[in-house]
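Common to both upcoming complexes is subunit A, partnered first by subunit B, then by subunit C.
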Partner chain A sequence: MALINQATKEIQLKIVYYGPPQGGKTTNLEKVHAEVDAPPDAKGKLTSLATNSDRTLFFDFLPIETTVVRGFKTKFQLFTVPGQVIYNTTRQLVLRGVDGLVFVADSQYEKMEENVQTFANMIQNLETLNQSLENIPYVLQYNKRDLPNAAPVDYLDFLLNNRETQVPAFGSSAVAGEGVFETLNMITRMLLHKLVTESARKAA
Partner chain B sequence: MPPPRAIVNFLRNLFSRSDKAARAPAAVPPPAPAPPPPPEPAGTAAQPSSPPEDCATFPLKAITDLFPEQLKPCLRKQPSEHVSVCIPRALIQPQLAAGAVRITFAQLRAAAPEIFFLADAAPPDTKVLLPLESVLRQMMPSRRDNQRPPAIPTNIPSIFLKTGQGTAPGSPAHPGAKGWYSQRRPACEAEPEPKPAPPAPAAAQKPFVPLASERHRREQKAVATSPIRPMDPAGPTGPLPVAPAQIIARIRALEGVAGAFLASADGLAVAGDVPQANENILAAFAPTVFAQLAKYADMAHLGLTEAIEIHLSHGLTVHVRRTGRLYLGVLMPPGRPLPTQELIHICDSLQPRAT
Partner chain C sequence: MFDLPFLIDEDIAALNAALGDFALASGARLALLIDVGGFIVTQQGDAGDMDTTTLGALAANNFAATQAIAKIIEEHSVSSLYQEGKVNSLLIQSVADCGFLAVVFPSELGVGSVKFYAQDTVARIAAQLAAARSRPGQGLDTLEVADNGPLFRRK
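Presenting the complex of A and B:
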């Protein structure tokens, strides 16, 4: 849930990168951290707890301060969840209070089933938190498009973007930094839009 | 004189095979030295009446390459690239939304020439993957056609830029600084002031216990008195009765306290004064670590977790305590006892009021 701190004139928004194991969630954050054009004090440190084989053990965290919205400094806190199923408790904990979601799907044919299962797991975990995907802005990122065994985008759309309302989806190669900023920009735009819309509704 | 057992078995196999072939002809002729004829679509034993257009054709080798370990010993000989099998689309179609398509070993054997498999070598219900790439080449599903289009805000430009692509986010010249907002109204119209915060509740106006040091007096003067507010005021938290920065200032004034922070259960930093550490990172990790340990403690029937302590190698202790929907972290230097009673008292004042 967005945190509006009247005292410090800050808005904090929480974005969680969710997806199957080794799909590129951490790589997304690494690329954002490495390549975002931001003043040093606006870009926080990327904190990552990973195993020796670069599997996320707990979660990754990257805070970024950005633009001013109605006189409020906006801070986006980017989180990833551990992809491995055994860490589902951590996934649930990281999802608490999420404002926006980026689902990072792995485009490889052999990962399609895991994509579907992880997407269903995300919905289930949201339900345990009394949240619904219908009420949370989210974006799909079809990662690893550069690999030769990438499945057609149409099929990924059929699997993951086939709900009542279509959502923005981006092809990406996070390793090459392609599609990373497009995805992040879209989810932040959607979040800010929601923030302004809800503020206006409450003010009315 | 009874015929030898081998002859009986041969005749039995011969007739059973010809009987099966009559019901479900093999999709392709068995591999032969001569160039194989083009695959001939055929139904399976399960669906003998399926016309060819109701089948999808797969190279048998592509399927056997995906065999699980337990099925590999069942392969009598490796099929060539030219041998293919026909699988009814009705078996495949319902599975497309799952991201993988499987048939049983029995269904595969029924569709394939028997020469490739050892008899009764594996349970017939063992699942076999079909190559998804081949599946999609023949039957690509499409999205529902009555989807609502995505709600993309057109009036909000992108905020984040890659290095070298333009002005940094957060700087006034950046298009995302407030342009996205001002685009929503005529350019001549001034951007309205933010809606004033609701008046601080009575509890927030109550003076705190005077703080000892000049530094804390300065801090107390500096902090705003308006409470933090979750986005949904009717949400489960409700406004806090005091400004979080004031809470932190009070805790920092306690004897020996080296730092303190408040974090929401979401992992967002609410307030903090931790000169020797990163407040954002502490806020992100402390609630999750706490919740994780609390869950395990509960699973082990140890009871409810009220606080956790992390002892660092250089002697510093991080004490994390849950208070309502917030988490309070206190850093203590080596050898200094935690002012537990004072902290509990302060935590009580953090309980949200009903809205």
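Presenting the complex of A and C:
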């Protein structure tokens, strides 16, 4: 549900980072905020609504902008959802108006069940908003590749990337900043591609 | 819940007029039109140093949370949310199921008069959005990506 403002020449897009608890969603936003090479006015404040123990309660939010679309300021709003199951209603709220998704999976063997359950939960929550993965661009990020008990990428692909159309997947170690920007650049490219294609269709 | 339509100059001018008239009549400091995802469509008034981007995101999610709470307590007609402060207060009013009017106003004004003027404003905004929605695709630019390299680089 991108917002295209012809008058102010602004495009606004919402990307939500989804995934199991403590999988690295917030870390992704923290790394983007800390390490993106952008002028100060192109990067907003990172806002985190978290519990006392730094677990996401509602969401994290980071606005960031570029001028990649000719003649338009392009603003991306990055959100995370809380990973804990008890906050499922909150996840649904944060998904409202989503344009693109990053599913941050935890590569550790013992987290596979949670990964699969959370992925299914994401699909269910999209359905409550009359949305589906067929019409929302998404990428997978297999996080925590640096840990010794990380499952092979092929196994994560088998579990999470086995739909009719496979999507881009990135190995990452978000705490080290590895894979964070590759993931962000891919989802933003996919969103822009969709936007450009749709604008051409609507303008015709 | 609806998507916002594409907005052209004429729409933004009309929306700005509605928000500007409202701010003048009500004495509000700032009036913002926000979509359900938290994007600011347009705003009128004095934002000063306020981080309106974050305000938009928080207000939209706050309102969505209030509506979810309302459902739990079997109340299905919550259309506004009021946050009372000592200096500035905030009123968020639903607009045609596709956005919100968020109003920052001096607390001394009282919410009653702000709500009164907001009613008309919400109707004006809804009418303009309906006009934009019914407009065929003309006037839209074909979007073109200027650079095919990575959008965001690490320092």
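Here is the rule we use: the second predicted complex is superposed on the first by the 203 of 204 C-alpha atoms of A that agree within 3 Å, B and C clash if a C-alpha of one lies under 4 Å from a C-alpha of the other, contacts with A are read in each partner's own complex, and residues count from 1 in each chain.
Simple rule for what comes next: contacts are C-beta pairs under 8 Å (C-beta built on N, C-alpha and C of every residue); 3 or more make two chains touch, one makes a residue touch a chain.
Just so we're clear, the structure is a prediction, and the values are computed from it rather than from any experiment.
Three-chain overlay on subunit A, with subunit B and subunit C in a clash. By the touch criterion stated above, A:Gln12 is placed in contact with subunit B and with subunit C alike.
Looking at the shared chain after the overlay, A:Thr188 reaches both subunit B and subunit C. By the touch criterion stated above, A:Arg96 is placed in contact with subunit B and with subunit C alike.
Of the two partners, subunit B and subunit C, it is B that touches more residues of subunit A. In the superposed model, A:Gln166 makes contact with subunit B only, not with subunit C.
When the shared chain is aligned, subunit B and subunit C each come close enough to touch A:Leu3. With the shared chain A as the reference for superposition, subunit C clashes with subunit B in the stretch 313-321, and the other listed options (43-51, 61-69, 133-141 or 313-321) are free of clashes.
Within subunit A, the residues touching subunit B in one complex and subunit C in the other are 1, 3-8, 12, 14, 32, 35-38, 44-45, 47, 58-59, 61, 63-64, 66-72, 77, 79, 89-90, 93-94, 96-98, 177, 181, 184-185, 188-189, 192-193, 195-196, 199, 202-203. Looking at the complex, you find that subunit B touches subunit A at residues 96-100, 132-133, 136, 140-144, 147-153, 155-171, 174, 176-178, 180-181, 184, 191-195, 197, 223-233, 235, 243-245, 264-271, 278, 280-281, 284-285, 287-288, 291-292, 295. Residues 1-8, 12, 14, 32, 35-39, 42, 44-45, 47, 58-59, 61, 63-72, 77, 79, 89-90, 93-94, 96-98, 109-110, 112-117, 149, 151-152, 154-155, 157-159, 161-168, 177, 181, 184-186, 188-190, 192-193, 195-196, 198-199, 202-203 of subunit A are the ones touching subunit B in the complex. On the subunit C side of its complex with subunit A, the touching residues are 1, 3-4, 6-9, 11-13, 35-39, 41-42, 51, 53-54, 57-58, 60-61, 64-65, 68, 137, 139-147, 150-155.
By the touch criterion given at the top, residues 1, 3-8, 11-12, 14, 32, 35-38, 44-45, 47, 58-59, 61, 63-64, 66-72, 75, 77, 79, 89-90, 92-94, 96-98, 129, 177, 180-181, 184-185, 188-189, 192-193, 195-196, 199-200, 202-204 of subunit A touch subunit C in their complex.
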